Amino acid sequence: MIFNSDNAAPVPPAVLAALSKANHGGAPGYGADDLTQAVEALMREVLRAPDAVVRLVATGTAANALSLAAFCPPWGTVFCHEHAHIAEDECGAPEFYTHGARLSLIPGAHGRIDASALARAIEASGASVHNQQRGMLSLTNVTEAGTVYSAAQTAALVDLARAGGMPVHLDGARFANAVAATGTHPAELTWRAGVDVLSFGGTKNGLMGVEAVVLFDPERAWEFDLRRKRGGHLLSKGRYLAAQMLAMLEDNRWLDWAAHANGMAARLVHGLSARGIALAHPVEANILFPHWPQGTSARLRAAGATFHDMPAPEGFEGARLVTSWATTEAEVEALLHLL
Amino acid sequence: MIFNSDNAAPVPPAVLAALSKANHGGAPGYGADDLTQAVEALMREVLRAPDAVVRLVATGTAANALSLAAFCPPWGTVFCHEHAHIAEDECGAPEFYTHGARLSLIPGAHGRIDASALARAIEASGASVHNQQRGMLSLTNVTEAGTVYSAAQTAALVDLARAGGMPVHLDGARFANAVAATGTHPAELTWRAGVDVLSFGGTKNGLMGVEAVVLFDPERAWEFDLRRKRGGHLLSKGRYLAAQMLAMLEDNRWLDWAAHANGMAARLVHGLSARGIALAHPVEANILFPHWPQGTSARLRAAGATFHDMPAPEGFEGARLVTSWATTEAEVEALLHLL
Amino acid sequence: MIFNSDNAAPVPPAVLAALSKANHGGAPGYGADDLTQAVEALMREVLRAPDAVVRLVATGTAANALSLAAFCPPWGTVFCHEHAHIAEDECGAPEFYTHGARLSLIPGAHGRIDASALARAIEASGASVHNQQRGMLSLTNVTEAGTVYSAAQTAALVDLARAGGMPVHLDGARFANAVAATGTHPAELTWRAGVDVLSFGGTKNGLMGVEAVVLFDPERAWEFDLRRKRGGHLLSKGRYLAAQMLAMLEDNRWLDWAAHANGMAARLVHGLSARGIALAHPVEANILFPHWPQGTSARLRAAGATFHDMPAPEGFEGARLVTSWATTEAEVEALLHLL
Amino acid sequence: MIFNSDNAAPVPPAVLAALSKANHGGAPGYGADDLTQAVEALMREVLRAPDAVVRLVATGTAANALSLAAFCPPWGTVFCHEHAHIAEDECGAPEFYTHGARLSLIPGAHGRIDASALARAIEASGASVHNQQRGMLSLTNVTEAGTVYSAAQTAALVDLARAGGMPVHLDGARFANAVAATGTHPAELTWRAGVDVLSFGGTKNGLMGVEAVVLFDPERAWEFDLRRKRGGHLLSKGRYLAAQMLAMLEDNRWLDWAAHANGMAARLVHGLSARGIALAHPVEANILFPHWPQGTSARLRAAGATFHDMPAPEGFEGARLVTSWATTEAEVEALLHLL
């Protein structure tokens, strides 16, 4: 009963198979190999973005921080949700890679940036030489609260950024889950909504540690490549990242895996609801935040369940449950049974 | 006939097997898994350093730059060989991670730092507030010229650094080859010689992209961990790095692989020598720099050989050949036959 | 009628006289001159801090940013008031000098940090490797709202920082006004309350552009000196900064000038109050935030008054008035007369 | 007998007079005052550069480091003379302000960059993603060895930079002395030779601590202004910097002062030559490097002379003497008399 994170799961057999298949003969280093080229070609197809530049790195933090640094100067402010991963879980990597940009934390219910709060923050942001300047908007889809942005919601926030003269980053560590959840074409959730750079997650969806950065403006490629190398994120044996990403993108696996995770979460919601257990946020993808009676968490853990503790109302205990490609119906039922 | 780099080779079957074996069930993220703990324990044993802190990252550039940043302040100077990897092949990662430290490039024949040149450079380095300050010494073993430092040579250079008040980093991207070549215990080449932090290479020796940073002073761990996370180099699914490193360290494989690579290089040297082909540097590990007659490079490439071009004396062509765990006698003989 | 800022005023005759007096013969550069030594000695006496290290720079932004960098690592968070000068008026200098530290903006009425809000923010701040770490507390006295912290209020906030393991900076751009306002000995408002480093303002109090950084722990001196030089803030002809600061500290001028400014502000308050004009914040030093009837601002400006616009309630106009050593009773009366 | 540095001298009466004159009434802050505008206008005239942007800072290190940062990215290399001020005397300010650019130290006799050495270094500099990239050329005129570049020499080096795709900075801490020495119009030594940004020195020529950065491309102004503010180098009371710079530029004073300093140096050369004392470098401006008999330095110091020690051939003592606007014939004769 592994519900602590989607990064706690093993990788699907297709990933191991792809590594095996890639493991013969010599291959040129640093992304010049055939598989890396194939990833870019397939990603362009998947996103219907024929000019997009696709670069692989090993962590989501690297993908995010390099994406921000590619667009936001040291004196810029990145507007993001107050609980965004870049704000809470990256030990200041955005500040490090941007050489000192600032985060402006925007509130919003259920992990989504509140549009009017964003508008006010942009409006209040400085334009004189005394102020940190407007820099960038960073969205997250799936959000940290497990909700998703629709294409329209994305575009509405992007429009505010554009009106403020800012480019837009999308942290898609769980982008596959957002696409699977909305049923919207990934192009609609990204460049057609005005997103400039996408962290396209692989790791939480089933890879060993592979994320793609997608730059929709190909003119950004060279500077990005220098920043990636300088950050130590250009792997010499690129084929082993590429083989995994390719296996995930091929045959629609990325969406199948995400849909499975989302489905297991829905099944959990159904069961929790039947037991009268409330949720802190609507469950729109693969993350749940139940408030269950006190004493429950210890009991579940004693039975072998893993999950994170979260704040909860008086008299309750809060938890965060995350499902993955590997979550089984049996695990779900076992957890529900314990409740 | 793959001789362009040891990172062009595939990975040994034991590495794939280890990944398969690690790929079941849940595992806590970010290095809290059992395999990562096991790597630290085994590395301590291998290096006879029971207090050492061992951290895994995916690239040698990250290992080096994080190691330097852990010891050298922004206003410090890193003394290194003029052709060191940190100086020539990392797009300024040392400057990025240290927030602006400077490299002082020391000459020295055959890739080894000349002790008196180092002594002079340290002596000439500034101590007033107007000067970049003394920061650190960074050695590389195997050197970029394919030579090795003995324990005594290492200790002699370390002593100069110590006399100048500086700690010492060892870039061991090919450390296994140096140990195999010298037959010296790895402790003698590192902490017993006074090295403070070691980049212990896995990738060039056969892993997909795994390097260990070994901090011989455990008090450095926490700050290093923050720097690693902030650099985006803390992988969530640590087991897949750890499984590989463990497979390499177990059963002495790391030295077997390196000894094989060194042996193939020695065989090449023998054959080149028999054909009267001179070498730019003594071949002490797994890298060779032949000067062969003009026209040779094109002919070899036409026959399928890969290698890098290098400068050469008038009338000759220079090349760099690197052997690996995967180099076969047949490849070596095929290349020699073409010559 | 110059009320836009205390930095709009000219300098007192004593400052020009001191420059003249200093302007003969040779003087060693970079702070080795006699006057710079004399400033340190006198400042130690003024602050009753016999071991304090005193360093001069030309701007308050430099004093603040260097002070923060001396204590807060790149991965640290600086807790400060949401309207602190370091947050709103320095174009990210704190982030630049600290190499990427983050500001955590704490609310609080009338420019003073709310103690319970600070306690909550410290409590909520991260301690895992995924989080930006606790770094430092930065207070401002006089605050940006023109209020002051008493010694007890200062100590209470410092205690919260200490309990959280953090050192404390005091931005004293208008420290003289705070001392004059409270009648408290400057030692009580600084090191005796637990402050580690003080930006001691000279410019707003009457100098051409001179601020002192006072480090109460002398062991911090050398690293600070390197950071200052590296930031380009070590002036070669130190005597001209020192002569000004010395003139200000001698004969109690720094408090006389500040008391004069505070007195002019009090006189303004009296007059505004008599005219029924409300103030956004209590006036405790030399800054006032009146809300006057719409149309007033234009009328005053037409008559030659300078001041900044500020937000105000419906039907009113807001302004910020700042008095200085140079503000005359005539100016005050002229302004009041116009109202 | 003050010969240790031109920054050891007092300031000319005209500078104090200008400060006095500027010291009345209110003035808008941060460079919006009339005097700062007047400096820009006059500097444009002096340099025949009607679109140039002129910004004042308090130190040469700030002027240089901000100038480099305005043009050279973090992954760029600044090519400069191996003994340039930016390399030897700024504690890494260039690395700090550029966020980690690297210096490539070019040799050259008598402080001037050797053109063929520069060409080779540019040629050898990297262009792949693994290398620090070409960034910028930084020249110094007067050089640290006291020699000058002619317009033709400047243009020849600039051409090499341009061919390598790089912009050019000129460190003119003693630019006035170079103009006075060559008799060349300052436009010829700067933008007409292809220089993009000039550190125009005031401090060594007689001001208290004022340097101008001249950006010949006005589109660079806004980013430069943000960098200056962020570096803490935007002084609030701009009039006191501007008044000094204006006094220096008006009535040709800047060249008169420099010509005087150069003349005193020439007089020293004459006297040293008559005494058979050799010089390490040709004296073309206001710096001399005599090699005099052992024992001389102590004797001169005992008599009250100040100067720096320098290396010298066996049997000799080396010194650096610098003359200034304040050096008198009497001082020169007194020194020569002692010899």
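Per-chain numbering from 1; labels A, B, C and D assigned in written order.
Everything that follows uses one rule, which is that a residue touches a chain if its C-beta (ideal position, glycine included) is under 8 Å from a C-beta of that chain, and two chains touch if they have at least 3 such contacts.
As the structure is a computational prediction, the values presented were derived from the model and not from experiment.
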Common touching chains of chain C and chain B: A, D
Chain of greatest Cα-centre distance to chain C: B
Between C-D and B-D, the pair with more C-beta contacts: C-D
Whole-Å gap between the CA centroids of chain C and chain D: 34
Length of the line joining the C-alpha centres of chain A and chain D, rounded to whole Å: 51
For chain B paired with chain D, centre-to-centre distance based on mean C-alpha positions, whole Å: 42
Residues of chain A whose C-beta touches two or more other chains: 74-75, 90-92, 96, 99, 129-130, 133, 226, 229-230, 234
In the complex with chain B, residue positions of chain D that touch it: 74-75, 88-92, 95-96, 98-103, 126, 129-133
Chain C residues within the chain B interface of the complex: 30, 73-75, 99, 129-130, 133, 223, 225-227, 229-230, 234
In the complex, chain D residues that touch chain C: 2, 4-5, 7-11, 16, 19-20, 22-29, 57-63, 65-66, 90-93, 96-97, 203, 208-209, 226, 229-237, 240-241, 306
